[in-house]
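Below are two complexes that have chain A in common, paired first with chain B and then with chain C.
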Partner chain A sequence: MTGGFRSLHPLAAALYFSGLVLFVMWLVHPAYLLAAGGCLLLLHLQLDGGAALGKAWKGYLAMGALVALANPLVSTRGATILGYLGNRPVTLESCVYGLLFGLTLSVMLLGFGAARQVITLDRFLYLTGTGLPRTAFVIVMVLRLVPLLKRRLREIAAAAKTQGRLGGGKRTARIREAMELLNTLVVWTLEESLHMAVAMRASGYGSGPRSTFAAYRMEGRDKGVLVLLGGLALPILAGSLWGRGQMVFYPLLSGLELHLPHYGAFLFWCALPILMNIGETLQWQIIKSKT
Partner chain B sequence: MADYQIQNLSFRYPGETEPALDGVDLDVRSGDFVLIGGPTGSGKTTLLRLLKPQVQAAGQREGTVLYNGNRLEDLDLRTAAEEIGMIFQNPDNQIVMHTVWQQLCFGMENLGYPTSLMQKRMAEVVPFFGMESWLHQPVETLSGGQKQQLNLAAVMMLRPKVLLLDEPTAQLDPIAASAFTDLLTRINQELSVTVILCEHRLEALFPRANQVLLMEAGRIVHQGKAETVVRQVWEAKAPGFAPYLPAISRLYLQMEADRKEGPVPLTVKAGKRWFDRYWVRRPGVFGERPEGIRGEAPKEEPLLQCRDLHFQYGKKGPQVLQKVSFTLHPREFFVLLGGNGAGKSTLLQVLAGVLKHQGGKLKTRLAPGDIGYVGQNPLAYFTRETVREQLEDRAKSLDLGDRERMDALVRLFRLEPVLDKHPFDISGGQQQQLVLALVLLADPALVLMDEPTKGLDPTAKQALAGWLGQLLEKGKTILMVSHDIEFAAAHAHRCGLLFDGGLLAVAEPSVFFTENYYYTTMVHRTVREHLPEEVTEEGVLARWAITSP
Partner chain C sequence: MGHYLPISFLLVVLSILPFYLRFERRNMKAEEIVLVASLAALGAMGRVPFAAIPGVQPTSFIVIMAGLTLGAESGFVIGSTAAIVSNLFLGQGPWTPWQMLAWGSMGLAAGLLRRLPWMHRPWGRAAFGFVWGFLYGWIMNLWFVLGFLHPLSWQAFAGAFAASAYFDLSHALANATFLLLFGGKWSRILGRVVRKFGLLGE
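Up next, the complex of A and B:
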C-alpha cells in the first residue's frame, strides 16, 4: 500500500509518531497499552502484510520480557511481599510495574518499527533538511560513501588474497596485514576525494548559499490531519496532567479506573492510521464499482 | 552564445620544468563539437580545465582565454558554474549524493534554486534522458554507463552553454560508451550546446566532430576538420598518431595511396561504400588467406578445465554463472568477452581463488601460487610509499633471494624513472605496469587480467600488447576479460562470449568475429561481404599485399 497513511506529509507523520511514543511512555495503564499495541499490530499488517514484524517480533518480545523480569529482581519497592530471593524481597507491585513497563517498551518498539516504514530515508532527510540542512547533506554524503568504501575494500581484499596475503598465520602478522589494507583504503579514498572535491566545485558547490529541494508539499488532507492531531492532543495531554490513564504502583497498586472520554481520545489517536488506510481502500472500491 | 578565443596559452605546473601547455591557439564557435585527442600527458586535460574557472589547476599561466569576448577570469563564479558544465573520467568521483534524484538536484541546490524551479527542470530533463525508471534508486545500484549518464543529466539541469568532457567514456564498455556519445551528439545538435571533448577512443567521434585537434607535449600538432586531420596525420607519417585514426581510414589511405584528394571514409557506412567500389574496380587484387598470420595456440594437455561452473552471490542473489564450461591450454591467449554484468569479472575471481564456486568442477594442475591476478583497479595493490618499496616488499614476501627477477621486470616495464615516486603519483598506464610486475614477481604460469585496456591510450595499448606477446613467448598463459573487441581481434588466440551465465561460441578470432553481426570489429563490418574471414586491418592488408607490387 502506497497511499493512505503512508502518503501523509512527513511532518504530520513525524508528529503522529512522536505523540504516540510520548503518550505510551506516560500512560502506563494496561487498557491504554493494549489499545496502542493492538492498533500498531494492525498498522503493521496494513503496511507490509507484517513482513517487517515477522523478522523483528522476537526481539520486541524479548526486550519486553527482559525488563518485566529484571524489574522485580532489581527493585524492592512495594508493600506486598510475595517471597524472598536470597535475602531480597520480591514485591507484587514491582512485578506488576515490571510487566507493564515491559509492555510499554514492546509497544514503543512496535511504534518505531511502523515509523521506520512510514518515514522512509527520503522523508527523514527532508525533515532533517528543513531544520538542519548541513546535517542532512552530510548524512546523504555518508550514505553515498559507505557502499563505495565497501566496494573498494572488496577489491583490495581480492588483490591481497591473490598475492598470498590474508591467508592466516600468526595473529600479529594478520593484524599488520589488516592495517596495511586499511591504509591502502584510506590513501585510495583520499585520492578519489580530491577528484570529488573538484567535481563538486565544478557544479557550483561553495558559490553561494545552498537551497534544499523540498520534495513534499503540505496538501489539504495533511493540514486536516494536523488539525485533528492537535485537537486530539489537547484533551489527551490535559487529561494526563490530571492523572487520567495512569496507575499508581507504589507503595500499593491502585485500581484500573478508566476515564472514558480520555480513553476514547487516545484510542482515536492510535486508530487514526488504520482508519485512514481503510478509508483509502474503500475509496478505491467505490471508484472501481462505478466504472 | 558561447565562444572561446584562446590565444598563445601556455601553462606550467609548479615544480615542473617542462610546460604542460605551450602556445596553444584555438577558436571555438558557439555550437561547435570540438574533439581533442593525444596521448596521456599531452596537455589535453590541462587545456580543458583552463576553460572553466572552478577547476583550473594551480600553476603559471600565460596568454589569454576569452569567453564571449571577455576575459574568462572576469566571469563571475555563479555564471561559470551554470554556463560551463564539466564531466570527468571516473563516473563515481562526480556523484556526491545517495540517490539519483538527489544528485540531479545537487548542482541546482548549490546555486540556491527554489524548489519549484528544480521541479520544472527535473520534469524536463528526466524524460529527455529516459531516466524515469531509475530516478529513485540509490546510486550504487547503477551501472557505469548509467552513472555517467546521470552526471551528464545533472550538468544539463543548469542549462549550460558549453560542455567540457574529460575522457567521459574511458571507463565504460563499448555499448554504454556509444549510448553516451549519442546523447552528447543529440545535446549538441538539438540544443546547440558547444561540446569540447577529450578522448582516446576517437573512431566513433571523428564523424561527429566539426573540429579535431591532436596534441602532443603541450602543443596542438594537427588541427582542422576530421578528414583534413586524418590526411594530415597520414601524410606527416607521424607514427605516434596513426593508431588514433579509424581503422577504416587507415585501410583506405594505404590501399588508395595514390589518391591525394577526395574524402577519406571515417565510418563503416562510408568505408563499405568505398570498399564495394574498390572490389569491383580492382578485381583479383586480394590473394588467398596466408597460413599462420598468428601462431595457433598449441594443443597440449589442458592447463585448466571447468565444467558446469556455478556461482551466485548469496542465497537469494542472481545466478551470475550457471553452466560455464571451457578448457584453457598452456601458452594460449584467451580473451573472454561479454556485456556489462555478464559475470566476466566473477568468473575471473573464481579462477583466481578469490571466490569459491558453488557447483560444477574446476580442474587444474596449477598450485594457487602459480595463478597471477591483475584486478581492474591498480590502486587496490599499493601498500607502500614508493614504487621501489612496493616491489621490494613483494619480493620479500615471496622469499626471492636475488634481485635478478625484479630488475628484469623493472627493465621490461620501463619503471626505472618512477622507482622513487609514490605509486599513486604515476600515470594510469604505469600503475598497471607496476601491478603486472608485482604479479609476475611470483613467476605465475597463468596470468588472469580484468579489463587491462580500460582507459589506456592507443600507444599504451600497443605497448601492453607487446608485453603480453613477450609473456606468451616465455611460456605463460593469459586469460583476459575485456570489452575491447578490436584488441581481442588483433591479439587473442581464442575468444569466448559470456552471456546469460554460460560461455558461448569459443573460437579463434577469425571464426568468432566472423560469425557475429553486431559484436565484431569495424573492419569486419566493412569488408565482410567480400572477405568474410578478415576481422583486422592486418588481416586485410596481408591478403592485399600478396598480389600488389
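Up next, the complex of A and C:
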C-alpha cells in the first residue's frame, strides 16, 4: 500500500523508528519484545505483503540464534545451574538472557527492515539534507558515482581483455589484475572529478546557501502524529528510567511484573503504524461506497 | 542490566556526529568536496572487481590512502561515508554506525600519522594496514559483545575475537599486500591531484 503510514512526513517516520529501536534496546522484557515483534510483523505484511521479510527472515533468525547460543557459552553467572559443558556451568539465567537478547536483536532487525521500506532513499536524503546539507550532497554524488564507476570499470576491463592483459589464473595473479584495473579507474575518476568541480563552480556552487528541493509538506496529520509520538515518548522514557519493563537476570531471574500504563503506552507506540494503515483502508472503503 | 546496548549505540552515534558537523562547517573548495565524494564512491564500490576473490576487498586500502593524502578529517568522512553508502545498497542495520566508526577511524588514524616518516615507506604503510585489519574487526566485535553478552568477561571478548580471527587475518593480510604493492603508486596518483588543484589537505 502507498498511503497510510508510508505516506507520513519523513521526520515523523524517522522519529517513530528511532524511538522504536531505542525502546526495544532498552526494554528487554518478553511482553515488550513480543508486542514490538508482533506489530512489526504485521507492519511488514501491510507494507509489501511480507515480500522483503520473505527474503530476510532467515538472516534475522540466525543472528538472534547466534546471540542466544553465545551467551550461555561465555557467561557462567547465575544461580540456577542447568548442567555442565566441559567443566563450565551453564546457568538458566544466562540462557534466558541470551534468548531475550537474541529476540531483541531479531526485533531490531525487523524494525530496520520496515524502516528501510518507509524511509526510502529520497526520504533519507531529505532528512540528511535538512541538518547536514553538505553531507547529503556528498551522498548524492557517491550514489551517482557508484554505478558510473562500475560502468567505467567494465569498459577498462574490456579494453584490458583485448590487449590480453586479463588472463585469470592464480589467486595472486587475479588480485594483481583487479588492482591494475582499479589503478586505471582511480586516475580516470579523479581527473574527471576535478573537471566536475570546475563545472560546479562555474554554475555557481558556493555562491550562497544551498537551496533544497523538498517534496514533503508537513500536513495537519503529520503534526498530529508528531505531537502524539512526543506525548507517548515522555511517559515511556520516564517509566523506563524508573525501571519499568526491564528484568533483572543475575544472579536470579526477577518476576515478569508489568506496569500496565507503561506497557500500554509502549504497545500503542508499536501499533500506531498498523492502526494508521487500517484507518486509511477503512476511510477508502467508506469513500468508495458513497460514490 | 541491559543498558549497554542503547548506551553503546548512542555513544557511537555521538562520536561520529562531530566529524560530520565539522565537515559541514569547514571552508572547502568544490574540488575537495568532489574528491571526498569520488574516493568514498571508489571505496564503496571497491568490492566489485574483487567479487570473485573471497575475503579480499580494497575498501580499507582506499580509505587509508585517502587519509594519508587528504588528512585526518577528510579521511574519517571518506571512510564512514563509504560505509553508509555501501549499506544503502547492502542493507542498513544496527551495525551501520559501528561500521562507519570503524572505517572512519581507520581514515582518521592514517591522516593523523601521515607526517611520520615511516608512513611514507612501503613497510610502514603495510604494518599500519595490517594492524588496522585487526582493529577494524575488533571494533565490529565490540557492538556484539557490549550489546548482547552479559556479564562482560574476558571469555566473552576472547571468544568473539577468536571467532573473527580468520576474517580479521585475511583483512589484515589483504591490506598489507595492497599497501605494499600499490601504496606508492596511489600515493603518487593522489598526491598529483592534490598538488595540481592546490588542495593541501587541512
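One rule holds in what follows: the second predicted complex is superposed on the first by the 274 of 291 C-alpha atoms of A that agree within 3 Å, B and C clash if a C-alpha of one lies under 4 Å from a C-alpha of the other, contacts with A are read in each partner's own complex, and residues count from 1 in each chain.
One rule holds for everything that comes next: a contact is a pair of C-beta atoms (placed from the backbone, for glycine too) under 8 Å apart; a residue touches a chain by one contact, two chains touch by 3 or more.
If you're wondering where the values come from, they're calculated on a predicted model, not measured in any experiment.
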**OP:** Pick one for A:Leu73: touches chain B only (first), chain C only (second), both, or neither.
**Re:** second
Subject >> Partner contacting more residues of chain A (chain B vs chain C) >> reply: C
Subject >> Touched partner set for A:Leu181, first chain B, second chain C, both or neither >> reply: both
Original post:
Which partner does A:Ala159 contact after superposing on A: first (chain B), second (chain C), both, neither?
Top reply: first
**OP:** Check the residue A:Ser207 against both partner chains and state whether it touches chain B (first), chain C (second), both, or neither.
**Re:** first
Original post:
In the superposed arrangement, does A:Arg221 touch chain B (first), chain C (second), both or neither?
Top reply: neither
**OP:** Go through the superposed model and pick first if A:Asp122 touches only chain B, second if only chain C, both, or neither.
**Re:** first
Original post:
Between chain B (first) and chain C (second), which does A:His259 come into contact with in this model arrangement: first, second, both, or neither?
Top reply: neither
**OP:** Determine, under the contact definition given at the top, whether A:Leu109 touches first (chain B), second (chain C), both, or neither.
**Re:** second
Original post:
Does chain B (first) or chain C (second) touch A:Lys55, or do both, or does neither?
Top reply: neither
Subject >> chain B/chain C common contact set on chain A >> reply: 141, 143, 157, 181, 183, 187, 191, 196, 198, 200-201, 205-206
Original post:
Can you name the residues of chain A that touch chain C in the complex?
Top reply: 21-22, 25-26, 28, 56, 67, 70-71, 73-75, 77, 97, 101-102, 104-105, 108-109, 112, 115-116, 121, 124, 132-135, 137-139, 141-143, 145-146, 149-150, 153, 157, 171, 174-176, 178-179, 181-183, 185-187, 189-191, 193-194, 196-198, 200-201, 205-206, 246-250
Original post:
Touching chain A in the complex: which residues of chain B?
Top reply: 52, 54-55, 77-78, 81-82, 85-86, 88, 90, 92-99, 102, 105-115, 118, 136, 138-140, 154-155, 158, 349, 352-354, 368-369, 371-373, 375-377, 379-383, 394, 397-398, 424, 438-439, 442
**OP:** Using the touch definition up top, name the residues of chain C that touch chain A in the complex.
**Re:** 1-3, 5-6, 9, 20-21, 23-24, 28-31, 33-38, 40-42, 44-46, 48-50, 52-53, 56, 58, 77, 81-82, 84-85, 88-89, 91-94, 144, 147-151, 153, 155-156, 159-160, 177-178, 181-182, 185-186, 189-190, 193, 196-197
**OP:** Sort out for me which residues of chain A touch chain B in the complex.
**Re:** 122, 140-141, 143-144, 147-148, 151-152, 155-159, 161-165, 180-181, 183-184, 187-188, 191-192, 195-196, 198-214
